[in-house]
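There are two complexes below, and they share chain A, which is joined by chain B in the first and by chain C in the second.
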Partner chain A sequence: MVKKGPFYWISFSCGIMVLTFILLPLVEMLTAPSGAMLRETLKDKNVIHSIWLSIYTAAAASGIAFLVGTPLAYVLARTHFRGKHFIESIIDLPIVIPHPVVGIAILGVAGKNHWLGQFLYELGIRIMGSTTGIITVLTFVGMPFYINALKAGFESISPRLENVSRSLGASMWSTFIRITFPLAWRSVLVGLIMCCARSISEFGAVVVVAYHPMIAPVLIYERFEAYGLKYSQPVAVWLVLVCLSLFLALRILALPRKKAS
Partner chain B sequence: MIEIRNLKVHLGEFRLKDINLSIEEGEFFVLMGPTGAGKTVLLEAIAGLVPILEGKISIGGRNVTRMTPEQRGVGIMYQDYALFPHLTISRNINYGLRYQGVGTRESAEERFDHLVDELGIGHLLKRYPETLSGGELQRVALARALMVEPRVILLDEPLSALDQSFREEIRLLLKQLHRNSRITFFMVTHDFSEALTLATKAAIMNNGAIVQTGTIRDIFQRPSSSFVANFVGMKNVFPAVFHGTTAHIETITIEVPRPHQNSNGHIAIRPEDVVISLKPLRSSIRNSFSGTIIGIIDQGFLYEVHVRVQDVVFKSLVTKGAAIDLGLDIGMDVRILFKSSALHIF
Partner chain C sequence: MGTTIVKRVSAFLFILGVAAFLSIPSAFAEPKGKVVMFHAGSLSMPFEAMEKAFEAKYPGVDLQREASGSQKAARKVSDLHKPCDIMASADYKVIDKLLIPKYADWNIRFATNQLVLCYTDKSKFAKEVNAGNWYKILERKGVVWGHSDPNLDPCGYRALMVLQLAEKYYKNPGLYDKLIANRPLENVRPKSVELVSLLQTGNMDYAWEYLSVAVQHGLKYVKLPDQINLGNYKYDSFYSQAVVKVTGKKPGEFMDMKGGSVTYGVTLIKDAPNKEAAIAFLEYLLDPQGGLKILKEQGQPPFVPCRVPTDKMKSELPVKLQGLVEVKN
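And now, the complex of A and B:
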């Protein structure tokens, strides 16, 4: 057997360290509450409601990202124009801005002192302390992940397929529906998972815009503040379990399948 | 059929300038040129897939310059076939049907059966493109393009990705398809034998411009510039000074078929027209010179023999059998001969 050098052992130890670093706290947290405590927590209506609200708002944010992000991702993948990098940087901005700042920024335009806030108020739309507000924040932070994943997916599809489709008589729209989208659906799904995952984990921005209604991370924080570690853990376990099973299901759907030959 | 007037396209690195071409209905037209000359861009401009800066393209008398690709009735087939990977072969072929006029369903079925039969792809219909070989993909791509009965079909180096054996087969198939239809074929190729066997007319492109158009025979025998001459394999291209029906290449005096309009120009001769013999031939060939073999290059079936006559090196193609018969070797003194009618002056 070939003798393994120091490079191998350094890489190996670093790998073990990283995995332990990630897994140890998670495993510790998941195994801390007893089964009885977990069952007890599930009877708490606030917990169920907050987890449901987290899933529902994250799904809504992903849905919005899908509707408006898909055409934009396509344009960015297919066209080259001056200022494209600038637009891409703008899309990436929500990733780098600190979370509470996002919340404050959104409140700045949604408040009554701003014409947009005023306009929304007249339409009866409230951002501050509402589900709409939560969805707005989650869309803001999740959108870049969806657009970037899908853009990479579109880029991997040869434009020649679209060219041939056009030459066979299909319009741009028809080509997108029949060729581009079916070939990119896995990227769409991956993008949605990323966007959803990012949204479900958001805390800082949501807590500024809408402390109530409470999404799961806010509830966990509140329990931690008011009652301590022990009382926040069971809720955290349920949130993690629900998220993991959702993402696992989507991930399995998105795995490449062998076509029958 | 296809009329291109003063076409100008800027696409990233590529620049097409002042392209003028006219291609007749039902013709098999070939576009040749070195890599990066802009051949595919010109193809895509005809299909409406790249934005046009200036100029006009009409197809069948209809100005299509501002039309979308789907309005043009122009089929395109790429080198990599571009079959839709998520659709079966049968659905690939029928892809364009729903965009054709109403009431053609029966004739479409007939056409489908006919094409599948003619191209021999009946056994592939339920499969997906990823399981097919290059030759099979090629046939399917052809069927898909022909299924919608385009007026023009653009082929981008259709044979270059194929093995030699398939290439011959598909070449014959293309010829047959062209003969049996009224579709105008416009093909980009690198391969002269493809051009010679398939095309009636051709154009040579270099650096985004058309440098010569004409019949295949004209292009190969009467290149209009040293670029075209070199490109089409006229390996003997020399600058020359002309006096009436004689010309001087450096210190050699050559008899030419007709006087040149300028005193300075070029002489070109194909290497297969330069004959090598060991002694002076008793023939009417006036251009006969003695020289020394300075190089022999193996070209598969043939040898390319380089013979130095004074300071000028002529290249001649000799079959391997003939080379052995004559006992050709480097350093040997031989005579080279060529008819003045085989010379091309420009």
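And now, the complex of A and C:
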């Protein structure tokens, strides 16, 4: 056995510190409400509805990210062109911008005072206070996480495999579908998990765009303001539990291949 | 003999000197340090102006303000136990309901306001709206109007009260329900001030706001008759006919809020970390030449002098504030 030096002990104690820092407040919150409170909260239609809305809108945002983000991630991973870094920084912008600013920015173009808002209005699409609005916001904040995860995934796949496929006569399109994508599916899944996780936790931008219908974080905020800590905690616990089990399931789905390879 | 006199005199002088030395700090002490204040969103603009003036007068004091819904401001004290010196509410009843007696002893009413219907040039029917037809316009399909959440913001339930009173004042039975039917839940926001940006970006046509907010943000507004605008306490008995159901102490429980004139309340939190400086600010706030003057300029008519409901409450005020209030219910 290797002797445990100072480096080991420093890493060890830092690790403990980080874990305590993350877990202590969460465990405190999760254990605060009584079982009876939790059961009662679960009977509340508004709670179920808001948690469902949260999952549904986050999934929709990830779906949109998948559709439009995948080709972009591929292009960014495979090609080099002038201004690529500039485009990458634009994609990262939603990560940097404070959340309420995202909401305000989206409301700014969604109103009738803007040509885009006017156009949407004529089409009958409403952003303010609508599920469409929530999905718009979540896609905005979640997209960079999907693109970045997938880009890294594509970069780790050797272009030679694609070249072989192309030299054997497969089209670009068929190469992507039959070679690249199957190899990258785990990165796709990780990207979707990241995007979905980011979306489900968003509050600041959503509350600016849509207070009603209420996603779970907004409901937790409303409960906190109207009734206090005691009645907002059980909702928070349910949201955390539901999300945790969902993401755990997805993570496990992404794992086995890793072991096989 | 002579030495004892000298001794006595010098002892006397010594004591005098010590006493004088000790009294210097208290006599000339400048309030200093930070003063934390939670207040209603609708007080943001006048308090910002007051902060500047007050900090110019007492450079050692840093007034740190946090604006939110009044109810939330109270919750931050009662539930989150955030350290706080002063709490000012858009409805003095919030202080009575959530802070007295555990977190505060008294409640000074210092200003009034009234509700107006705000709009912009680009709002639908902006050219024809006036005090006589506003409720007909709010009934029209396609007109997007809203108010803040009655469960979180006094401005929200007050907007609903105005609609109820309008039904009575214009003798138009069923008006309230007709209006609410044309206001989907999506148009309800946590705080009334948020509606201003929805108006300005064209996401909303009309919004219920306090007169002060309309003045401070330069919005166009319809001024309503005193009988329904909740701004004149002479009509308190008429206002009290309006009753709005808001959420109670826990989900599923409700309580009734009865109409009354819009009256702002301010209190000092019992375990305020910086009482001395906080009282100095309250002194400035309640001064007719200080804070009250600013409130008047910003569309929030103050009570001059400010009011407390009972003699007992007046006696509980810090001595420096007692001269600035009158007992009037």
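Definition applied: the second predicted complex is superposed on the first by the 245 of 261 C-alpha atoms of A that agree within 3 Å, B and C clash if a C-alpha of one lies under 4 Å from a C-alpha of the other, contacts with A are read in each partner's own complex, and residues count from 1 in each chain.
What we mean here is this: a residue touches a chain if its C-beta (ideal position, glycine included) is under 8 Å from a C-beta of that chain, and two chains touch if they have at least 3 such contacts.
Computed from a predicted model, the values in this text were never measured in an experiment.
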item	value
Combined model on chain A: chain C and chain B, fit or clash	fit
Partner chain in contact with A:A226 - chain B first, chain C second, else both or neither	second
Partner chain in contact with A:G108 - chain B first, chain C second, else both or neither	second
First (chain B), second (chain C), both or neither touched by A:H212	second
Touching partner for A:T79 - first (chain B), second (chain C), both, neither	neither
Angular separation of chain B and chain C about chain A, which is computed from CA centres of the superposed model and rounded to the nearest 10 °	150
First, second, both or neither for A:L183, with chain B first and chain C second	first
Which partner reaches more residues of chain A (counting touched residues only), chain B or chain C	C
Partner chain(s) touched by A:G129 [first = chain B, second = chain C, both, neither]	second
Touching partner for A:L168 - first (chain B), second (chain C), both, neither	first
Closest Cα approach, chain C to chain B, once both complexes are overlaid on chain A (Å)	49
Overlap of chain C and chain B interfaces on chain A (superposed complexes)	none
Complex contacts: residues of chain B adjacent to chain A	12, 44, 47-49, 68-70, 72, 74-78, 80, 82, 84-86, 95-96, 99-100, 127-128, 130-131, 144-145, 148, 150
Chain B-facing residues of chain A, complex	80, 158, 160-161, 163-172, 174, 178-179, 182-183, 259, 261
Chain A residues touching chain C - in the complex, by the definition given at the top	44, 46, 104, 107-108, 110-114, 117, 126-130, 207-208, 210-213, 221-231
Touch list for chain C against partner chain A, complex	69, 71-72, 75, 78-80, 122, 149, 151-152, 184-190, 194, 197-198, 200-204, 247, 249-252
